[in-house]
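Naming follows writing order (A, B and C), and every chain is counted from residue 1.
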């Protein structure tokens, strides 16, 4: 009796494994991308349109930009879709990518608690705001994970001439995790947090936080798309990957991006031509 | 090289060959010698009792003879040769506490036959014989481990005998059983002896010894203190150790 | 801010409005974890039984190693499997990265030491009882392992459940090697992580309640099987 049960269990498991192997029925590509595009819901919105049109299944691995670039450099993906222009250009220069194209942009904002301990609410000069935060030693939660947002934030500290990382563990707190986790942590500790606007709008655990600093051109956040270089990584699906890039950059794809709204707000602004 | 010499010696002694023979068998554990160079032979068809005080090495000797333990010195011979797989299959052992698999009575019997190499078809009849012999037919489908102590030991004896061993070892098989259960075990063993099975049994029980023994090997402190026919060793012991034991005294001296 | 009632209502809502996406995630979780546990048992049961039943050189080392591997951090296993299966790695040619198979491999590595180490303990205890009788029977090594595993089968069910618990609750390894790809490698734990990062804490917790329910069902099913069979042959 027992033996029979065990057998059927093993059989079921083997069957399950078998269907897993058979699942690669349709053509698919792997896109290494970032948490902001995923968490904001953009991919859930635009990918079905592309899949319906081409029959190509797009599998998104959403990690920090730093990790996405490393994964793609290992050849584990066909397309890279991230937001850290200097790192993307380096990726192409090193031969891992074919070429880079602008897709869309949004902007970063700094969100903070209503008490506004650093007195930065309503500012639009991000460098001045960061300087004030550092001077008042108001808590600031950083991603600290080499992501696109993290890179942009570190660039802004540098511009302000502040070595925030030397205060790490004091008022400057590196969570070492994704945007969502950092927002969860940062809001709980009453810290200022720099986030991309799309993730913030779509974020479900805002509490009483509000946008404190926005509108500085320095907080411009550009997304780019790159086909992983098939010469370096022969497993790359050139045609399907290129088809996806072409569609994202096409009028149709750009319109799709522009039409994605959360709470009536547009999250990403296409700029493929730019 | 040494083995070859021994073998040749064994061949030449084939006339009055014992079934099982210990030659200078010694055993130490943790640097402590427990059995000291024992020489003895077990004649076929006899019922030999191993007796002695607690700690005299009875159970150890039984395990050395059966091959469950490897001697630290000397060797045990089966029909004049080093024991092989055939020797293992020609012997069986019943332990003081019956070891029952976590299976039914029937499955315990089947397991022993299967291990013994008997084909599936022949097993059924043999298993039924064993069940009848142990008077456990009604309990065949019960888990063996819910049986009473006496039933389990009957099953253990039947399981050992169903493989038709030439030699059956028993290590105090009835020491924790009531008189009725003891009687049934003794009947099973004596019936097997009547069919020609050689018996080597450890016992503490004088009454049982009188009912079951042809001869006695009396151990003291890991040595054979005395060996002889039952009535002599128990009735008129020559060794101080056996005499003390039959009189219920504690003996601490060294024999010989 | 959060109430237990809200979370239970959310969980109930999930069950009432059960949709295809949720089925997919739940079924994939079960498929990956049960397959990994089955493979772990195929490897870990005999391995544990051999270590438990036989004395050999290096036995102590193997035991320490197995016990230590029980505490392997899932993230480390995930990284290791990623490096193996990455297109830049030695097994990249197999194209298994970001597939359920990769997740099964990672969980198998996580669970096998647990199954082996616990099996070793169970079998060692049982062997202490059986050893002399088996030696008297003249059992071969293979027959000895088979008999010990069979006789320990009900304790070993609990061992398998321990492995299941570890695998089904694990997120670190499957996230790295599976990539949490929607409709492909998204399982309950990675969904919970994702919803947490989206700030949807009630939904994440409701999914957690569902996962707990799933674990309860699997455990109850196995225990019922055990109870029904244990009466037949065990004491």
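Just so it is clear, contacts are C-beta pairs under 8 Å (C-beta built on N, C-alpha and C of every residue); 3 or more make two chains touch, one makes a residue touch a chain.
Keep in mind that what you see is a predicted model, and the values were worked out from it rather than measured.
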Pair of chains joined by the greatest number of C-beta pairs in contact: A-C
Considering only mean CA positions as chain centres, point out the chain farthest from chain A. B
For the pair chain B and chain C, the C-alpha centroid-to-centroid distance in angstrom is 47
Roughly how far is chain A from chain B, centre to centre by C-alpha average, rounded to an integer in Å? 78
Distance-wise, how many Å sit between the C-alpha centres of chain A and chain C, to the nearest whole number? 32
Can you list every residue of chain A that touches 2 or more other chains, as numbers and ranges? none
Flagged in chain C as touching 2+ other chains are 232
Which residues of chain B are in contact with two or more other chains? none
Report the residues of chain C in contact with chain B in the complex, numbered from low to high. 129-130, 132-133, 135-139, 143, 147, 151-152, 232-235
Going by the contact rule set out above, which residues of chain A touch chain C in the complex? 1-2, 5, 9-10, 12-14, 16-17, 20-21, 23-24, 30, 35, 38-39, 44, 59-62, 71, 73-76, 178-181, 183-184, 202-207, 233, 235
Contacts from chain C onto chain A in the complex sit at residues 1, 31, 34-35, 38-39, 86-89, 92, 95, 97-101, 104, 153, 179-182, 184, 194, 196-201, 203, 225, 228-229, 232
Per the touch rule, the chain B residues reaching chain C in their complex are 63, 66-68, 85, 88-89, 91-93, 95, 99, 101-104, 107, 111-112, 115-116, 143-146
